[in-house]
Amino acid sequence: MLLITLDLLGIFAFALTGALVALRKDLDVFGLLVLAGATGLGGGFVRDVLIGATPPAALADWRYLLVPVVTGLAVALWHPVFTRMERVIGVLDAFGLALFCVTGTVKALAYGLGPLPAAMLGMVTAVGGGIVRDLLAGRVPVVLQKDLYAIPAFVGAMIVVGAYELRDLGWDLPNPAVAGVAMTVCLGWRLLAMRRGWSAPRPGGSSSSV
Amino acid sequence: MLLITLDLLGIFAFALTGALVALRKDLDVFGLLVLAGATGLGGGFVRDVLIGATPPAALADWRYLLVPVVTGLAVALWHPVFTRMERVIGVLDAFGLALFCVTGTVKALAYGLGPLPAAMLGMVTAVGGGIVRDLLAGRVPVVLQKDLYAIPAFVGAMIVVGAYELRDLGWDLPNPAVAGVAMTVCLGWRLLAMRRGWSAPRPGGSSSSV
Amino acid sequence: MLLITLDLLGIFAFALTGALVALRKDLDVFGLLVLAGATGLGGGFVRDVLIGATPPAALADWRYLLVPVVTGLAVALWHPVFTRMERVIGVLDAFGLALFCVTGTVKALAYGLGPLPAAMLGMVTAVGGGIVRDLLAGRVPVVLQKDLYAIPAFVGAMIVVGAYELRDLGWDLPNPAVAGVAMTVCLGWRLLAMRRGWSAPRPGGSSSSV
């Protein structure tokens, strides 16, 4: 119950950001629904296709499809309300990031992946939806350009992987505690990065765009 | 026989649109062949990867690969002929849309997906090739921006799903009749939308592009 | 040993081109690592997902993930060195192309695909990473626009397929010799194309861009 509710809340948050990007790009209602769905479910789809867990969970449970559809329709109908809530949506999005990096890593470990690939897939689960959203909207994915966004997700995923490895050494850490710590680190870091305007360094920083 | 012929005709129609977009974007011969193939086969590839039907049907039967290659080469050689046939190609494309939303839904149901996911995958089969084409050509997918294109495909898919559900209630509708009705609704709606210039509503309609 | 070393060298070469594109597009460190990884591993991921070999080989062996990460970090730290080595990187990239068209085709044949689909997947393995790189960087894939790049890869793949078919006719050609010939043809052709500035013909050549 709790897990599914959290999951649906994360999908809702991501679907909101997808729908808002669609509004800004002046897409039609169908484009808005596609962007809501792709952002909400895209990361999990990519993870499930890569680990061979097909059909993806989101296609086996209609609630996972319903959330982005309802979210998208709500944004289409009352978009002035949602565009004013940008700050709240940023916080929800950070929550989705923190949740999905943990659940994505757990699922990848359950499918037998090693620690580094599992952490990478956890991060892909968290940031993949946003990348698909931006590709469909015709812009270079925001996560590749600025914002400290993917690194907190990767660190959250690494905490889950680390605890999993410790288990082999006899340290049996309780799952909820590990998940809680990993989510808190990712969420707290991301919220701080949003508030302080932190961004990842750019190696070619001074060069002008091409 | 009939089914395969129809399928190859649908791939031919989609491959034509891909090749014409490649011409307009001034891609080279290889780019043209890739766009023809991606448009003709992309929707089915996405569907098959998501339901776990790998390798996709189009990789198991060489005729499926040959059709876009031959189509692409024909367009490369005689492109002035094809660019003049835009209206005919639009009608062929509408036929491909109607066909693939039905066959895609049927295949998803056969793989055990529920009604809503199956209809969604049917629609993805129908519009996915065009989305891949537009991403490769560096433009925001046309289907997300304007034109009443995806909604007829979704409605066609829902008709197939509805008939499938009615079967559980004891109403045994003959498959060819269901497919015929679903295709006719999708095709007729799409052709009307093309002729009348109908498009899906845009929620953020008045705002200028970003 | 030799095979893995060659494979990692090919991934290294592709990851270099991904990191350099990220620099030119002014992406941040995370974007640079994603582009390095996507270019180095993307072609193999697409091939493995399409033939149903999930999780992809690169997710089952941490060395495959480590190479693009280390390559990306090295480029981020010492990018002036790497940007000056453009010619060397072009040669390495041609080597990766020649290698992956052969190994990709061999893997597709081993998974039971027919000759034409196997050659196509070999080519996809070779050029797919570059296509994913360019999509993520927000540009029309270079391979679709200019340069004689994909055709040498396809011909290399066809040589592998041809030798495989000859085996059925009783001609038992030794694998290393076939791979060597296919790689040499692809590599030599690509290097010549780079030096002479050869490019594939454009059907719509004279029309201006849209």
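To keep things simple, chains are lettered A, B and C as they appear, and every chain counts its residues starting from 1.
The criterion applied here is as follows: a residue touches a chain if its C-beta (ideal position, glycine included) is under 8 Å from a C-beta of that chain, and two chains touch if they have at least 3 such contacts.
In this text, all values refer to a predicted model and were calculated from it rather than measured experimentally.
Taken pairwise by the contact criterion, the protein chains are fully connected, each one touching every other.
Mostly differing positions are employed by subunit B and subunit C in their mutual contact, as under half of the interface residue numbers are shared between these two copies.
A straight line joining the Cα centres of subunit B and subunit C is 29 Å long. Multi-chain contact residues, meaning those touching two or more other chains, occur in subunit A at positions 49, 52, 135. Across the complex, subunit A meets subunit C through its residues 49-52, 111, 113-117, 120-121, 131, 135, 139-141, 143-146, 149-151, 199-205, 207-210.
Considering their complex, residues 22-32, 34-35, 45, 49, 52, 54-56, 59-60, 62, 65-66, 75-77, 79, 135-138 of subunit C touch subunit A.
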